[in-house]
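Heads up, the next two complexes both have subunit A, just with different partners, subunit B and then subunit C.
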Partner chain A sequence: MSDLELSVMAGDTDRAKPLLGRWLWNAVLPAALVALLLGFAAFDHGVLSPANLLNIAQQTSYLALFAMAQTVVILTRGFDLALGPTVSMVSVGTALAMAGATATGHDTSLVLFAGLGAGFGLGIACGLFNGVVIALLGVNPFVATLGSYNIAIGIATTLSSGRPVQGVPKLFSQIFYGGSIFGVPAAIAITVAIGIALHLVLSRTVFGRSLYIIGTNPRAAAVAGLPVKRILVATYVLCSALAALGAIMMTARTGSGEPNLGGALSLQAIAGAVVGGTSLAGGRGGVGTAVLGALFITILSNGMNLTRIDGYVQMVVLGAIVIVGVLLDRLRMERSQ
Partner chain B sequence: MSTALITAGPQNSIGLRSIAGRIGLLPALLVLLVAGMSAVDPQFYGIINILNILRNASLLAIVASGQALVIVAGGFDLSVGAVVALASVVTAKTMATTAAAFPGNTALIIASGVAAGLGCGIVVGLVNGFCVAKLKVSGFVVTLGTMSATAGVGLMITNGIPVYGMPDIFVKGFGRAQAFGLPTAVHVALIVILVMVFAQRRTLFGRYVYAIGGNVDAAVVSGVSIQRHIVGTYVVSSVLAALVGILLTAQVGSGQASFGGDRMMLQSIAAAVIGGVSLRGGVGRVEIVAISALFLTILGNALNLLHVDSRLQPVFLGVIMVAAVALDELSRRRNARV
Partner chain C sequence: MDVDVDPRPDKPLLQLRGISKHFTGVRALNRVDLDVRAGELHVLFGENGAGKSTLINVVSGTFPPDEGTFHFDGEEISHLTPQRARAIGISPVFQEFSLVPSLTVEENLFLGREITSSGVLRARQMRKRAQALIDELGFDLDPSRRVDDLSRAHQQMAEIAKALLGKVRLLILDEPTASLTERETGRLFELIARLKSQNVGLIYVSHRMREIRALADRVTVLRDGRHIRTLDAATSTDGELVELMTGRKIDLLFPTIAHKPDKVMVDVENLTLADGSVRDVNLYARTGEITGIAGLVGCGKSELIRAIYGIEPATSGVIRIDGAPYEFPAPRRSLKRGIAYFPANRIAEGLALSRPIRENASMTVLDLPAFARFGVLRQAAERARIADIMAQLQLRPPNIERAAGALSGGNRQKVMLGRALTRELTVFLFDEPSVGIDVGAKLEVYEFMKRLVEAGAAVIVVSSELPEVLALSNRLYVMHHGRIAAELTGAEKTEQNVLSSFFRDHLTAEVA
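Let's look at the complex of A and B:
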């Protein structure tokens, strides 16, 4: 499975290289992951305990979802700086809709439906805004999503008056946080299911493949007759919809709508995608890179927490890791070309 | 030139449009905003409010002019906000330490603090420039990394607690002082902008930065040393951010790791972009960016005076930013078609 993933993320360019060299370079990040886990385990045996591993998996599932969302747009040479604020806005909107529906005395299934509808509705609206501004008006993705970043923050804090929104029904949290499928916690199950689906979309559908073509060479994509603008709009909608799903899962975890939920998520998700090997130049990356990067960052911060490394030092380490990760990836690409 | 405009009817509108295009919509919007606010609220043109606006606009303009230089060369500097914080903390800490070692030697205390603060800027700028130019990592990722690292170091030094112990004269005689009726920050900003305008137009460095941002390959073929100039843009950007950190420290009277931050970084990019700096590189003038910083500051001030909910204010900034760039893009497309 992982070998397949990795060959997908490495792209076609290194087909010609000797198998061993390619395999070695592709194994750098997974090997670093294992080394990291063992290293932390040497300091604290709790790191490898089943409870902590489950904890890591659960924490990773949120970041992985956001990194996947970010990867989809990065594939087309885009960005979504507004991802974090979108998460905040969806969280607040979902909680408000459910609280409102509960207050007006609707039954539980309708309340859940209202919450999900409001959450995904807001997410998709945000994605449409980004997509239209970027694809149809031709605004640089950085500026466009920086604009919607501010707009979404404004809406999230205004709707919630800057305070957590209470009134999320217990059942909502029980399903999306406490629930489990065959013993697998809901967050992990949802992320795995979405990951598989997204992987199939990216590798097996015309839409998915055209994202890679647009990222590799937008002009060639247009000349080849791809409806580039429509695809780009759909891409940003997909990204925001995935972010909305993550926001709903996180809202279920906290049990309230949080206007600050997104915080630093935009940049964390970009870091996750990029550390995993997604190229900001577009056209390279996938579900595998997003999950690997998210795992790496989660394990690193989990291990640093357990070994009681100062939170401020952790910021420095994470900053350095992002740069080193991308540098390694660049070297790998140079080797394979 | 002007007679040609008057005599030739159809060319007249084109000429006017090109003049409007060169100066931009921004000054007109600025005048409109100032006139409108003056009519609505007399508090707006009170001397205290004006000085307040000018001081804040100056700080933003200094950071934004550095940011603009990096963007013109085709890069990004996400670390400026964190550099403001680090420089503030380091300046205050160094002054406090020197004051303990050499009590009473005010000149030495201030010089060491300012040097240490600017030094931080140089170091971060060199790291950014080195990673981008030599290691060829994308500027976005590099400065994303150094942003996190720099902010972390600033917090590590202080544990989030403000640093005191600076000489009185640094705070009262510099930070809160006024010369010719204007705060120190305004004078510093004017000098910085003048120097940057001169550098952009009259120095090889400035011209090469345009060349690199406009077309890297052409610049390489013309013999421009790409790496050195890219490092230069990042160093200038970080040093200017550090300067703002020092100015803020002097004004507030303590070094704080909460200065600058993401807000300053995002605003500096917004100011540059609204000021007509193209994210494609190669286009952008510092003086327009400074006007744009003034515009953004006045806009925030006006929204406050009009009692617009502070939580709703980011929405205005976002809409204006997207609209400004979209308009710019649409007019460029129309010109390209003609």
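Let's look at the complex of A and C:
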């Protein structure tokens, strides 16, 4: 009995040390970001030019949105491989709806409404599908979203016949890409607003609290009476809705519905979330980790582009980063035990 | 099976000294000694989690021990692997089968030691040997059937046959009769007698007193990963074994509880669970008293209260709460009806360890307007309320923002108890409430129950610690093999009566 108590008390004091460790861990990524920027700048001074920094910020805002979407499901020990194809599907659907509404002679506001409705509708449907298959039918998230990955690609390609969908009204691009709020480009403004809102949801609502508890210990959450299945379905819907928003913003940028828009996004979003410090074991991460991770991935690919590193080599780097990110997470978990 | 004769009968066949094994954060074995002589059947006796499985895994080479010495047949053995263990004649039969479901029985028997000539399988020769072995064992088993087509009993036979193919010096059997019929069990016992006469040593894990009585030469009792005592089976009593297994008689003062039984709050009628762990159980619990449920591990006592709370599915029977039928129980609905459940395994089912104490204590009340309005948490109110509750429960240190995982077992249980104070509840289901917590914290838990009952709650306590349920409960049910074997009140509520209900043969219990 007494040495049980002793060992437990020793455990208590040990907790103080990892706290310092955690600060160090948290400082690693920002430091790496600065090092990365300076490293690339040594090869090409253009990296630090105001134009490129703005470019990085804008690029990051899309990826940050997707990384946030991915983070939300990863918090619950889930996964959304289908995020990229969802983006493609939403892009095609949004463009088709707007082209159709324009062709039937509706006025511009209705055309925009049709586009947004189709885009979010498709996104939410996709999330609902994933959520139901994973939470209610009990299919492993990896397999379930690998399935919906193919379904979404199939739908996006079929709807568009594999070609870019034209007919996206100018106004749409002006609002979601060209527009600015107090001089801040639309993409950045939207992502900042969504980031703040999501942060509040995660930290201040029953839903957000439940995500962390389910991710930390799903069994305990169920025993404590949290509606685990319902929350999981809602989580996948939220993830896909955020992806749909990102898809709409990217469609506005390209000015057409692109069936290949989401190509590498699934992996990039996972990389962003994981590198930022979201734990695949669930229950750890948030808006901050998603944004930091997205920033890291964007700077890396921006730098690799400017220093003319081959696109296929970049894929190798991105894949390796996901694995390193997961390994770091494992290491962190082991240290905290 | 070919059996070597032990050349040195005076020395133990297997000699373990000071074997320890840690898993992340858990000390599964703590300096355990074990001797098994050739021709001896040595029973390992202990509750679930006492370290029996870990110990047989060490002996069969699955887990390398962290410390200690391992002698087999007088030779010091280190870096034992399962392959090497088999090669020197240590043959385990685990409860979790090691058979490949998609292969036939004979393919499984020879898995990894196929008879080949220049790389080609000698199927006919293997079939002959498999058939010969099964005939010798007297099992009614077709060696050409696929394992996944077999019943559990037949799979068990295949597993035993697999262990006996080749040279066997030490056979390890982990609850081998769990899925065998009477007749098959008889065959197994004959086989065991034959193996003993051939000087094979046996390690036998079982909870069944009758088997221990019939087979054992010596019994080693393990508890909490420690070697408690090794006894001669012929000179020990059942009561002695159980007392050693479940723990010392705790000389700790239980609070005097003034039971004032009033109306029936929980009424269970003919309850049967989907997994068969509880069969046809009738039970009731009243407000103002503690209703105890005692029984050995696996008797269904936990499953019973888990079914009332809604985390084990029932197939038939009625549960009434305060007179009203409660259909399709589920945790959330149970809490709304005023029923709380405190799980035995607080790490697996109770707490989100890396989250703060505050969040762990308020987990069950996020549906109440006092804690959240329109889905938005009222964090200030939450902090004040939980801080107040944890102060009442004397959480040490009183910081509710620490991770629950940083707490000791006793304080973790206090966080769980805190949930009892966050909302209006009338029924409290405690599953092994004092497991893994120190004596001081135990007392506080008992005092807590006393306060609940004296305030008019209905409390059900399920416990494997006999002194605990005896002292706390006003009425005590004893469960055995999924059924209520006895209901004891007043003067009948003695250790002797409970023990005799434990060991009443389950056949007579079924008739009764």
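Everything that follows uses one rule, which is that the second predicted complex is superposed on the first by the 303 of 337 C-alpha atoms of A that agree within 3 Å, B and C clash if a C-alpha of one lies under 4 Å from a C-alpha of the other, contacts with A are read in each partner's own complex, and residues count from 1 in each chain.
Please note the rule applied: contacts are C-beta pairs under 8 Å (C-beta built on N, C-alpha and C of every residue); 3 or more make two chains touch, one makes a residue touch a chain.
Quantities reported herein were computed from a predicted structural model and do not represent experimental measurements.
Subunit A has more of its residues touched by B than by the other of subunit B and subunit C. Look at A:216: by the touch rule set out above, it reaches subunit C but stays clear of subunit B.
In the superposition on chain A, A:54 makes contact with neither subunit B nor subunit C. In the superposition on chain A, contact of A:310 is made with subunit B only, not with subunit C. With both structures placed on the common chain, the touch criterion links A:157 to subunit B but leaves subunit C unconnected. When the two complexes are overlaid on their common chain A, residue A:42 makes contact with neither subunit B nor subunit C.
In the superposition on chain A, contact is made by A:284 with subunit C only, not with subunit B.
In the superposition on chain A, A:103 makes contact with neither subunit B nor subunit C.
By the touch rule above, subunit A contacts subunit C in their complex via residues 1, 4-5, 8-9, 11-12, 15, 204-207, 209-210, 212-213, 216-217, 219-227, 283-284, 336-337. The touching residues of subunit C, when paired with subunit A in their complex, are 24-25, 311, 330-332, 334-335, 341, 343, 348-355, 359, 363-364, 366-367, 372, 375-377, 379, 402-403, 406-409, 419, 438-439. Of all residues in subunit A, those touching subunit B in their complex are 133, 137-140, 142-144, 146-151, 153-155, 157-158, 161-162, 267, 270-271, 274, 280-281, 310, 312-316, 318-323, 326-327, 330. Those residues of subunit B lying in contact with subunit A across their complex are 76, 131, 135-138, 140-142, 144-153, 155-156, 159, 266, 269-270, 273, 279-280, 309, 311-319, 321-322, 325-326, 329-330, 333.
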